[in-house]
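The same chain A turns up in both complexes below, where it pairs with chain B and then with chain C.
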Partner chain A sequence: MQEKELDCLGEACPIPLVKAEKAMNTLEVGDLLIISIDHSCAMKNLPEWARDNGHNVEIEETGEGQWEVFIEKCK
Partner chain B sequence: MEKKQSSIAAARAARRAARAKENEANQKKASKKGKIQITLGVLLFIAIIITGYVLKVNVSSKSALMWVFGISFGVTLQRARFCFTAAVRDPALTGSMSLAKSVLIAIGIATIGFAAIHYANGDPSTAKLAKGAYYFVKPVGLHTAVGAFLFGIGMVIAGGCASGTLMRIGEGFMMQMITLIFFICGVLLGFANRPFWKDKIFFKPVHFPKEFGWVPALFLQFVLLFLCFLTVEYISRKRKQKK
Partner chain C sequence: MSNENQQSLVSSLYERFLKNPWPYYTGAVILAVLNVALLAASGKPWGISGIFNYWGGMIVELFGGSVENWLFFKNPKHLKLLHKGFWGNPGSVRDFAIIIAALMTSLLAGQFKFKMIKSWRQFAAAVIGGLFMGYGAMIAFGCNIGGLFSGTASMSLHGWVFMVFIFLGGLVGSKILVKYLL
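After this line comes the complex of A and B, so read on.
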């Protein structure tokens, strides 16, 4: 299992999602992608996109206005 | 399934432990931060009420009402993670329809509300166009399409429309301050050049209920909204098939 971190702090809304989508294509099934974000909007559309594509998602608030989104590639 | 969940849980636990260690080094700072947020929230809430009262006493009841509406609108946008930019962008970018649907529903509800307000403000068949709600019927034309196109490009690059940008500045997303500066520049330029647009480009305002009557106008509006919905649905489905 591989763990990949993606630093999207300071990136506005669609950028974390586009970056995550690209990173996801390089990963194998079972790998973990951890995305750091501080744009509240990405906290909604990242998990929604990932769940839509059948991946496992969890969010953790790591600081005030900062989150880590965990996505496990499932297919 | 259970095994898959646990790999996320393991990673979370590992990262939480690392953060806890980091916090231990500057513990006082970390524990203080959490309390400050609640205190500031309560103070801000009191300040909002006082400001509203001061506005009512010193300026007018209308200003106080606008203040309350503005705050409510901002809170709703923030808590709902509502974003007009994402509503028009996500169907094409990710195939997500949830925000697009909610915006269309919001316009539908607003249509009913505005119809009621306009209806209460006089008979559209009489020449009351300069008064009340009719005063706010704005001319439509080519400039609407050009402006919408420019605004669309701008808001996707900037990561927020007008309300979204303001809301995220309030959240503390500093990059959007740059957006705000240029947003203000754009608005000022637009208003400075408004006479030119008004004389040369604008058509006359079209008020559907005045032209067609109330029921056909509302019917037309909802048909148009439904067509919007079908278009968005089509784009979203196409995007999802591409993957």
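After this line comes the complex of A and C, so read on.
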């Protein structure tokens, strides 16, 4: 199992989503992608996109207006 | 109700109404109702960016400049409204309220944060994009609120034309974004 971190702090929508999509394509099933974001709309569209594509998602609030989104590649 | 239950009720209400983003349809319904109310009460459609003309004019006059020769303020109606000042212009008060409300929303949700500029590319894109949006809104006599939202809501053709071209602009913009900002 591989873990990949993606620093999207300071990036506005839809850049975190596009970057996550790209990074996901380089990962294998079972791998974990951790995306740091501080744009609240990414907190909505990233998990939505990942769940729609059948991946497991968890969000952790790491600070004021700052989150880490964990996406486990499931297929 | 026990103290513990009350606390969990308060925190679940907080999570639901202040912390978590509302669904898009909730926002849509609220915007629609408020738009009808504003149009009925004031007789004028809602607009945002037209007010920036007045704010710009106020800033220039504040520093002793004159705007009377500007094309926009050659219209006596515009000049009169400019001289009613910041608080005498209903649109100006609304725009100010939007900024304050947006600030309050992020503070109440505990999500207020100063964001770093990531790169010179992002900085340049923001400046160029902002200038284009501002200039475009002025020559189109409205932004996506005055032009698109108020236009389509009142079934005016210009709103639908705006929608077609904002979609095309969005397509071009997203291509540029993927090419230069990733």
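The definition used in the following text is that the second predicted complex is superposed on the first by the 75 of 75 C-alpha atoms of A that agree within 3 Å, B and C clash if a C-alpha of one lies under 4 Å from a C-alpha of the other, contacts with A are read in each partner's own complex, and residues count from 1 in each chain.
The definition used in the following text is that a contact is a pair of C-beta atoms (placed from the backbone, for glycine too) under 8 Å apart; a residue touches a chain by one contact, two chains touch by 3 or more.
As the structure is a prediction and not an experimental result, all values here were calculated from the model.
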{"item": "Which superposed partner A:40 touches (first chain B, second chain C, both, neither)", "value": "both"}
{"item": "Contacts of A:9 with chain B and chain C, given as first, second, both or neither", "value": "second"}
{"item": "Which superposed partner A:66 touches (first chain B, second chain C, both, neither)", "value": "second"}
{"item": "Which superposed partner A:17 touches (first chain B, second chain C, both, neither)", "value": "first"}
{"item": "Set intersection of chain A contacts, chain C complex versus chain B complex", "value": "10, 14-15, 18, 38-41, 43-44, 64-65"}
{"item": "Footprint of chain A on chain B - complex, ascending", "value": "4-5, 7-9, 11-12, 15-16, 19, 33, 37, 78, 81, 83, 85-86, 89-90, 93-96, 98, 156, 158-160, 164, 168, 171-173, 175-176, 240, 243"}
{"item": "Chain A-facing residues of chain C, complex", "value": "21, 106, 109-113, 115-118, 122, 174, 177-178, 181-182"}
{"item": "Complex contact set, residues of chain A against chain C", "value": "9-11, 14-15, 18-19, 22, 38-41, 43-44, 63-66"}
{"item": "For the chain A and chain B complex, residues of the former touching the latter", "value": "1, 3, 10, 12-15, 17-18, 30, 32, 34, 38-41, 43-45, 48-49, 52-53, 56, 58, 60, 62, 64-65, 68, 70, 72, 74"}
